[in-house]
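Here the structure comes first, spelled out in structure tokens, and everything after it is commentary.
Labels run A, B, C, D, E and F following the written order; every chain starts at residue 1.
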Amino acid sequence: MRGFYIGRFQPYHDGHHAMVGRIAEEVDELVLGIGSADDSHTTHDPFTAGERIMMITKAVAEFDLPTYVVPLEDINRNAVWVSHVESMCPDFDVAYSNNPLVVRLFEESGIEVRQSPMFDRDRLEGSEIRQ
Amino acid sequence: MRGFYIGRFQPYHDGHHAMVGRIAEEVDELVLGIGSADDSHTTHDPFTAGERIMMITKAVAEFDLPTYVVPLEDINRNAVWVSHVESMCPDFDVAYSNNPLVVRLFEESGIEVRQSPMFDRDRLEGSEIRQ
Amino acid sequence: MRGFYIGRFQPYHDGHHAMVGRIAEEVDELVLGIGSADDSHTTHDPFTAGERIMMITKAVAEFDLPTYVVPLEDINRNAVWVSHVESMCPDFDVAYSNNPLVVRLFEESGIEVRQSPMFDRDRLEGSEIRQ
Amino acid sequence: MRGFYIGRFQPYHDGHHAMVGRIAEEVDELVLGIGSADDSHTTHDPFTAGERIMMITKAVAEFDLPTYVVPLEDINRNAVWVSHVESMCPDFDVAYSNNPLVVRLFEESGIEVRQSPMFDRDRLEGSEIRQ
Amino acid sequence: MRGFYIGRFQPYHDGHHAMVGRIAEEVDELVLGIGSADDSHTTHDPFTAGERIMMITKAVAEFDLPTYVVPLEDINRNAVWVSHVESMCPDFDVAYSNNPLVVRLFEESGIEVRQSPMFDRDRLEGSEIRQ
Amino acid sequence: MRGFYIGRFQPYHDGHHAMVGRIAEEVDELVLGIGSADDSHTTHDPFTAGERIMMITKAVAEFDLPTYVVPLEDINRNAVWVSHVESMCPDFDVAYSNNPLVVRLFEESGIEVRQSPMFDRDRLEGSEIRQ
């Protein structure tokens, strides 16, 4: 059983980490997709994909969960986005997301999506889980 | 000390594996770049990036070498290719390649390149190490 | 019941026309996709998409078959090609093609493909049915 | 005499339909260009090009006007936009638009543009005729 | 000693001209990069690259400074932008910019950047020096 | 009276130089377009656009002819190529080319093209005038 979880991870923060911990209880392996991998050097997207790969890899080592960290360049075309993700990533059985667009695109493609119960937004100021 | 080694890995074969084994003796960590990550479903490039990530990850588990497997979409512009690779990958100290274009592009950017002694081409029929 | 048939139609010739006639017996409506719609002005691809729309529309008027003629720009990424086609075209129930790549891509996506019995290639010199 | 009329048609509404009715009195055939054909699945652009082709084709059947419905992907370069449109569409003699940019681009290319007298905006709440 | 100075030059105004005059005192030759060369026909970016080449060439003729005017299409990827500029332009020894992103990207690539003392913004209403 | 002459100039050679000399007798100013400006580092296209700008600028200084040297990235779409060239270059009155595709594209757009009498191909071994 392999899960998929996508974020921009600019940066990878406690909210992401809590989410990965929760997912780790449900799957055997995890694909972590880095969205907007081609964006960097801006206030909204400061880190390169390479820097984000390092952050994430070190952080998830805490979990006993084989993890594939995959940078995903933007394809700017919602209708083909799921195919783009599927071709760049190892196969997965279930996707995790609270982003309504991501949820809809996966569900239209017949992929099971699990939305997390909302974690404590007040504590995780500025957290966002988005493509 | 982190090394970088790129191939299309269509598929990952014994020649690639011997090369990784050799590199494992010289570096502490390895970034494995999957070139032409966006090509698939042709005779020349049959596998998707996701399939190649799986092949490679399983194979390199044999070595005691922390490895980052990074799909790299073609950017079709030699003059910016090194910047593309550097932004998508964790930092590396040395690149390994026998591909003359890859060697030249890295060297022009001031990155050390080590070319492997030629392994036994007759035994590895069809091997190619290319971008 | 709506069918889909794709070709570059450079130009639309007797072979294409015979194929459409045959398909007309099996479906209620037809989507005719014009492949490589963005190519023109070369020996291999002389006509613009607009010119091809005119050729095809006039020719298929002979059949009593509601037809949607849809130019499809190349997306140069096999793994997302089916999603590209599906988003640009009215929904269809079955695809017609003799092109092995097209057949494989549709079948991987779970779409039924019907391959035509080979029509008389000697008579249709230069015919090709390709994406 | 063939006319050209472009909109995003997200969705095709009464304002568009009134405009087509008016154009039908002036031309023999009509090319209906679907702008931003590659956008979908957002609040601003909910429908795919394929869905819009269906909406439009059914609606314009009411008029006795041969119509070519042509999806047009965004080219994001104003200076080449007219050439893009011309190559994707059957030849046309006159363009209809109230969009100032569309009007200007066509006129700079020497193409006649007719702007419609403003229809009843109050009744057509939310109507927009844009590229 | 060759300098590099980039702007969108929509249009080239007194502020740009004062900046070029100042640079002319420090370098032997100047490369003038026209940013967003592919944008035109909008309020924010009215002129084509060709029109901007003419404006700039006529204006800088006043200085006794060999000048290369180079249109630069947007590459929409900060991490490869410096390589893009370097490949399109004659070699230069120093870049002039007050744009924080441009300054940062050049400095990360090891290129010397000189920021101009702020010229009289009140007098040059609407001036902007940006990529 | 301003002329336009395009080549890849990989490198700029005696054949190009003879052509420019001939054109210099017919026009007041010249736009020299560098085709495939984004290609470099290959046997077919060794030099960057920046390197080619330097070569050409130095060589044409011999003629008393105001010259605008403009790198042109490939747009890979014949139907919009003329618009691309026109937006990137100062206005011109006549184009010079022996390349059949270039000749055809300009003529379709209503631009006068002058084809040079063939210069001595035997002496200029390897010369090519192409887009």
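Structural remarks
Please note the rule applied: contacts are C-beta pairs under 8 Å (C-beta built on N, C-alpha and C of every residue); 3 or more make two chains touch, one makes a residue touch a chain.
As the structure is a prediction and not an experimental result, all values here were calculated from the model.
The minimal number of chain-to-chain contact steps leading from chain A to chain D is 1.
In terms of the stated touch criterion, the partners common to chain D and chain E are A, F, listed by label.
The angle of the rotation carrying chain A onto chain E, fitted on C-alpha atoms and rounded to the nearest 5, is 120°. Most remote chain with respect to chain E, judged by CA-atom centres, is C. Pairs B-C and D-F differ in how many C-beta pairs touch across them, and the larger number is found at D-F.
As a whole-number value, the distance joining the C-alpha centres of chain B and chain D reads 48 Å.
Centroid to centroid, with C-alpha atoms defining each point, chain A and chain C lie 37 Å apart. Note on chain placement: the centre of chain A and the centre of chain B lie 25 Å apart, centres being C-alpha means. Distance between chain B and chain F, defined via averaged C-alpha coordinates, is recorded as 38 Å. Within chain E, the positions touching two or more other chains are listed as 38, 40, 48, 77, 79, 86-87.
Taken as a graph of touching chains, this assembly has some other topology, since it is neither a line, a ring, a star nor fully connected.
The full set of touching chain pairs reads A-B, A-C, A-D, A-E, B-C, B-E, B-F, C-D, C-F, D-E, D-F, E-F.
Residues 37-38, 40, 48-51, 53-54, 57, 68-71, 73, 86-91 of chain C are the ones touching chain D in the complex. Listing the residues of chain B that touch chain E in their complex gives 75, 77, 79-80, 82-84, 86-87.
Put simply, chain B touches chain F in their complex at residues 77-79, 101, 104-105.
Residues of chain C that touch chain F in their complex: 38-42, 48.
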